[in-house]
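Here come two complexes built around chain A, the first alongside chain B, the second alongside chain C.
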Partner chain A sequence: MSGLPQFARGAGRWLRQVAALVGKEWRQLLRDTALVGFVVFIFTLDILIAAGAPELDLRSAPIGLIDRDGSVASRELAGRLRAPYFDVRAVADDEAQVARALERGQLRAVLTVPHGFERALVRGETAQVQLVVEAADSNLGYLVASYTERILALLASDLAPAGAASDTLPEVRLQARFRFNPALTEAWYATISELLTMLTVASILLPAAAMVREKERGTIEQLLVSPLSPLQIVLAKVVAMAGVVLVGSTVAVGLVMHGLLGVPFAGSPLLFFSLVALYAMTASGLGVVAATFARSSGQVGLIVLLLVMPIIMLSGTWNLRESMPDWLQAAIYLSPLRYMVDIAYGVLLKGADLATVAKPAALMVMLGLAFLVVGTARFRRQFR
Partner chain B sequence: MPGTGAGVAAVRPAAVSTINAPVVALDGIGKRYGRMLAVDDVSLKVDRGRLYGLIGADGAGKSSLMKMVAGVLAHDCGTVEVFGVRIDSERAAERVKARLGFMPQGLGLNLYPELSVEENIDFFARLRQVSAAELAPRKQQLLEMTRLAAFRTRAAKNLSGGMKQKLGLVCTLIHAPELIVLDEPTTGVDPVSRRDFWAILAQLIDGQRLTALVSTAYLDEASRFDRLALMHVGRVLAEGEPAELVAAAGLRVAQVQAEPAALARLAAHFAQTEQTVGAGRVVVTADDDESAVAAVRAALGSDEHPVPKIVITPPDLEDLFVARLQALDGTATIRPAPDADGRFERNRDQRPERADVEASVGTRNATPVPAPDHNGGTHAIDAQSLTRDFGGFRAVDRASFIVRYGEIFGLLGANGAGKTTAIKMLTGILPPSAGIGRVAGADMRQAGQAIKERIGYMSQAFSLYTDLTVMENLLLFAGIYGLTREQARSRAQWAVALGDLHGHEREPAGRLPMGLRQRLALGCALLHQPRVLFLDEPTSGVDPIGRRRFWDTLRRLAREQGVAILLTTHYMAEADLCDRIALMFAGRVVADATPTQLKAELTAERGQLLEVSAEPPLAALAALRAGGFAEAVLHGRRLHVLAHNAAEAGTRIGAALAAAGLAAARIAPQTLTMEDVFIHRVLALEAAAQAQAAA
Partner chain C sequence: MKLARVLALAGKEAREVRRDRLYLLLAFVLPLILLVVFAYGMTTDVEGIGLVVIDEDGTPASRRYAEGFLSTRHFVHARADAAAARGETALIDARARVVLWIGPHFERDLNAGRPAEVLAQIDGAFTTSARTIHGYLEAINAQTNAELRTETVAAGGARAPSAAGVVAPVQLQTRFLYNPELRSVVTVAPSLLMLVLLLVPPLLIAVSVVREKESGAIFNIASSTVTRLEFLLGKLIPVVAIGVANGLLLWVVVIVWFGVPFRGSVPQFALAIVLYVLATSGLGLLVSATVRTQQAAIIITTITAVIVAVQFAGMFAPLETASPVNRALARLFPAADFLAIVRGMYLRGAGIDIFWPELLALVAYAVLVLALAHALFHKRTTA
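This part shows the complex of A and B:
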């Protein structure tokens, strides 16, 4: 029965070795001022910036108005194109000038109100207005158009002669109830997305950079001749950097998002941060794999960049997964962030419990294990 | 050797140089990096047409000084004048940059690795705006001189270390500068390539009135300079012409043949002693030979039987430098390292007790006693036809050798001979393509972790964490070897004592001088008390005192604890200290014997070594080669010739020199060094390989 204590001694030693490496990683990171600055920035200021600059709302979009009607109705329209959505500017009725203003980005759109606008509205006829939108940024262009349309519709119904249209057409009034974010606060969504993005960047980049630095400085050789298994070396990097990311996200979520910005924390903190740690380890595994392909810091930086963009694009962090083309749908399952997006929104905003997020969590861990296996296998092979 | 034709056998322009203003004049310059004073009040002058040497260990301030001369680093105080222009602004520096060439430290660091030899040269020519008409003949001449013409299309990254340095030199010279500043061009380069490099440089200076400011960490290269400055922690310790310095030093070297016990007494009396079996070499402070003999006899004691044989010779520059450094440094005597249990001399500042020294010397001189390993074998390392291919290139070709426990085994060879690859295979970093490498009885291909615990390894580059402190590095590696906290602490303390790193425990490893770094690396490699130790160029860039102490520790490990040590080195003086040597050439082991055997073989084959002093050396070399000594080589400012019959050779040398119109030379028989062996062997092998390739 001496097998068990012997095994325990062996395991203790195995863990001591990993612990020594993890401690070393932390010391090195703490002494690297640039890296510390990067980590502090992405988990504090960067989140604040994301909260303060929501891209998906229209704010003070400069819109030009050419009023050829000069009526009460057209002036009312100008009044309604108001802050905070629009910043109305009068422009000369000159096609060339308008085109130039749009070209230079001085104006996002130009609305032309023709003669007879008011008359048509009062008579209950169809009134025509022209909206020229600068749609180089298609998302913004779409927002300008739809906001203008809503304002025009309201104006039309307010100015329409009593009983003109509502008598004949049945009216549907939508009463939307927004769950999980009743006020549709943009900052909630933006900060969570930003946190997930930065979590991904840090989790991949930190271990990859640390691994490549060992190669560049030749310290890796000393590790290779010592009685360490590749798994220990790889695991130490993953655990150390996941730890850093975990501390960073605790600050980001607890202090910056929940404390400063009032983003709700509906679910269990234990569950959330456990899953963040798992995610960080999964992404770190990918970082280790990336590092086995690179010989220098420059190379690993490019490889990480190459990995991070698709991971974010495919995850649905900033866009709708369902709207992606069919040929990309399958690739979505390879993005570890895809699972973390469901988990993060679920736990933070919807208060999801373990049972609810068990499936994405399980899939994420499987992906992480796969990265670890590939990373460990490639780690040894790269020196042959 | 490159074509030292009659064209360069002109008279040295020594007379011209004195009437001209110095090319470089430094007056009281200083440079500080934060709290560290890198260069402290240095004044010196470099005359036109001279080869001026800056000598010193890593961190002596040579690089900073050279950068200030080259105008790439600003000085804090004092004045720098180059070509009579005071360098006090960026603009002033730009004015002289066209007339000078600078080659920074590091093998091929100024080259673009992906570009070919020719593309590199062309790039530097374009950068320096050399016209096409000037470029073509100059490139041709330089390529031929450096024997790189055959490798025009080879990418710089695929050149050997020595070739990279030669290409670096070509690129530095492509705009025909009047002054070249070369920062440690020979560090990390093998002795053959090093000698080649110096020969090319001597030829250039002779033929083109070039002035060169060159630094080196190899003290044995000091005699090659016309004038030199010995630097130590930012200051100049000695400055002058080599012969002048030696004459003024008041030192004598005594070669003593006596019993080990008597030699041990010498070690206690003289700071600089070196011992081999039955003989000792002592540096004595004495103004004449008689007082030197008297001093040695006094130290030996009068009751010595038989009467020891003492031969007095003049010191070489290295002896002088070591004496100067020892006088500065408190570590005048080489302290014994602590033993395996961490016990250490109680009064570390006192000289070791006589009995201790006797014991230590006694074991040092004894032949290694093989200690069996756990499996009962005596072979610590057993390489059997080890082979490694990289693509189409065979780095190691069926290398076989055996290292026993308690033996210090040297692996020698030129850059690219396959030494490092062989070590990497034996440490399990690289798997062999064919053959077997056994270490402590186990095949390293399937090396489990158990076997790795018996191996210690110090790689060529400093492979510890520079951003961690000394103690943190030690504790990290203790942790990696699975030691418990208490074990780790005590072993770390042991390593601090071993490397004499007291007071540096909390310093980042990256800030240590080279010698301390290497001792720390050795300590890290020994934390787990390995049975087999691999050291890849462990003393590169380390000052001579540091090197001697390092070797003292190695000897103790081998003799007292039966550790098997396999090392590589470019210092041929260190090769002499090995118990056994394997010489590698083009991936093969071409010789495997003791240093004494190797020297005896060369003497039997080629005769004894004669050192010829004749001026000017380059012209004398050409004359000797023309006179039938085809294998004469330049050794510093002297020539080395091998001949069976010294008297007959002397006559022929005299005749050859007279035929070239040169004055009669002084010819002195010399004992062969490992450097002579190495160079003759490698040159012969190179010639054979070329003949084979031609056939």
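This part shows the complex of A and C:
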């Protein structure tokens, strides 16, 4: 007889064994009601919560105004520092009192309009205005200054003397358009970020914790004396948890995000969910590697925190990847989420096709294979 | 409740921690690593952002305009052929975040005194960075305009009554208090105390309680005279001690390593750390009372901490901009109160006279959560 049918029979049995193990993982997970409830929560309600996330913008930021000019122009300025960004209020012209209000956080900034402000504007001279910003939060501090600057520039050009020379001076008008999310709807960004975060935590933690549990209880010895190879055991954990995560993200994206919240789905669903499955397997592989370093659940919890937190915080969902120091940018190439961020935003919001995301997808798969090889090798070494 | 029994239990916990070398190492090294990596990485500084220029004018004026952006540390030239840039693939595959289009009549318009139009396409998928990047683009554009005007006026091209007034009709002198250079690390590093102390103590305590449930060691407690309160306090004391030690260590590292000044009162801030660690540990105890497996304990405490840090703390964005439901949910967790205290005490040097409501909230939170955990905890598990 030829070897081919025999090989096929062997492969079939190999796969059936993996499938049986996957079924065992699922049954085990389903019996842990608290855990099942929580997994359901992170892919449904939690995504809804993320849609109401705060956004980095000013909302009625309290601004104090010291008006030493008391002119029409300065009152016009006060009128323009308005909702939704600012909430302007007159404050006493007293340095100590102003400093105190800034320290207490009652005011975000204080704007001082000096005497002669209007006269300077009308005559076409430079009008000086002072702004003191409480910048304990550097982002908000920057926004306060840049919005005030914009409002002042507009006021100046509106109040400039008619037919002024400035009309013939060179000017570049910069128009900005926001692509892929023209109105900067926060919910689109926040729900995708949250989904990626939850996907990552669940994909790494579920198999890692399941693996260490077998070690702690000693049930892993039973698996090892069974006719199963380490690769089968590792693969079953990876596939089982990736399956759970895939179902979860289908519900999250299809029902909650696209269905309920109207987040666009510009690209191909088949492409997106295939890549989610690959991502979940890659991240699960990392979870398995982490589990081989731990002997107890306490240890694995801490090891996973050490891996998961930098991955979810520094891969580009919550930070500006480009602005990190070079050594961190280099290190983050080892984070599977780094690739998935480009893929997820690319396919969901930007309508990226396979050709566009091929490079990050390929790198992600290579990383996943590396995790699988290292995980299996370390697993084998621990028990042989 | 007998103090001797509580101390005996706490001593047993402490011994267990001490004997698990890896665990002990992680419990102290992990917070430090997270602090350092996050302080460097969770930056919101706008630096090295990829910018593609499509210069259809190709004149000295247009090249100079583009150079105005690329010569700053904020933007770097992203390589993309014209076709790719126009088809926006550079934005789609995330090679660049901005495509700057300069039209064919740029120089002619400038010389003729007509406004020259320039279009910046910004990747809006990341809303937060899109807003900041927009701000920087506008600031650089305004600066270029001021330079152009100064040159034209100096060359006698305008009959202005006052050259300065034409170049810059309003001058805004801005002074940034507490963080004069607007370095994001000054904002981020102190906030990490909130994050790290939200992650580590709940995980430590939840695992240590649930381990006894899962291994069955809890039956020893169930059959003994030890009360639930004594058992929980025995668990709580070592973890709170580790958490507070971590907090003090991070406090010093933020000052010494990251150079963020601490202007507040030392005993007041120490008190805030103790209260916050009690509150977050209580959260861990609450989780441990409701789950049976360590797997569930790890996952639920970790994910809860991540959700609270990202959504309910006001770390990335001010909570005032959140939806009313989210603001109400944020009240259920201690992170926002502690973050307000951290930022206020570190940089602004504010004290208990300002932050007594937040400190009281932490006290109330710690008491409530610990009481609830006590009520829900059973020595006899159904597992």
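Please note the rule applied: the second predicted complex is superposed on the first by the 369 of 384 C-alpha atoms of A that agree within 3 Å, B and C clash if a C-alpha of one lies under 4 Å from a C-alpha of the other, contacts with A are read in each partner's own complex, and residues count from 1 in each chain.
As a working rule, a residue touches a chain if its C-beta (ideal position, glycine included) is under 8 Å from a C-beta of that chain, and two chains touch if they have at least 3 such contacts.
No experiment lies behind these values; they were computed from the predicted model shown.
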Which superposed partner A:Ala153 touches (first chain B, second chain C, both, neither): second
Which of chain B and chain C A:Asp32 touches, first, second, both or neither: both
Partner chain(s) touched by A:Leu228 [first = chain B, second = chain C, both, neither]: first
First, second, both or neither for A:Val256, with chain B first and chain C second: neither
Which superposed partner A:Arg123 touches (first chain B, second chain C, both, neither): second
Which superposed partner A:Ser60 touches (first chain B, second chain C, both, neither): second
Which of chain B and chain C A:Gln175 touches, first, second, both or neither: second
Contacts of A:Arg16 with chain B and chain C, given as first, second, both or neither: first
Of chain B and chain C, the chain that contacts the larger number of chain A residues: C
Touching partner for A:Val276 - first (chain B), second (chain C), both, neither: neither
Residues on chain A lying within both footprints (that of chain B and that of chain C): 32
Chain C-facing residues of chain A, complex: 32, 34-35, 38, 42, 46, 49-57, 59-60, 102-105, 120-121, 123-143, 145-146, 148-150, 152-153, 155-157, 160, 164-182, 184-186, 188-189, 194, 197-198, 201-202, 205-206, 209-210, 212-213, 216, 294-306, 308-310, 312-314, 316, 318-320, 322-325, 328, 332, 342, 345-346, 349-352, 356-357, 359
Complex interface listing, chain B residues touching chain A: 424, 427-431, 449-450, 452-453, 455, 457, 459-468, 472, 475-482, 484, 524, 534
Residue numbers on chain A that touch chain B, as the complex places them: 13-14, 16-17, 19-21, 23-24, 27-28, 31-32, 217-219, 221-229, 383-384
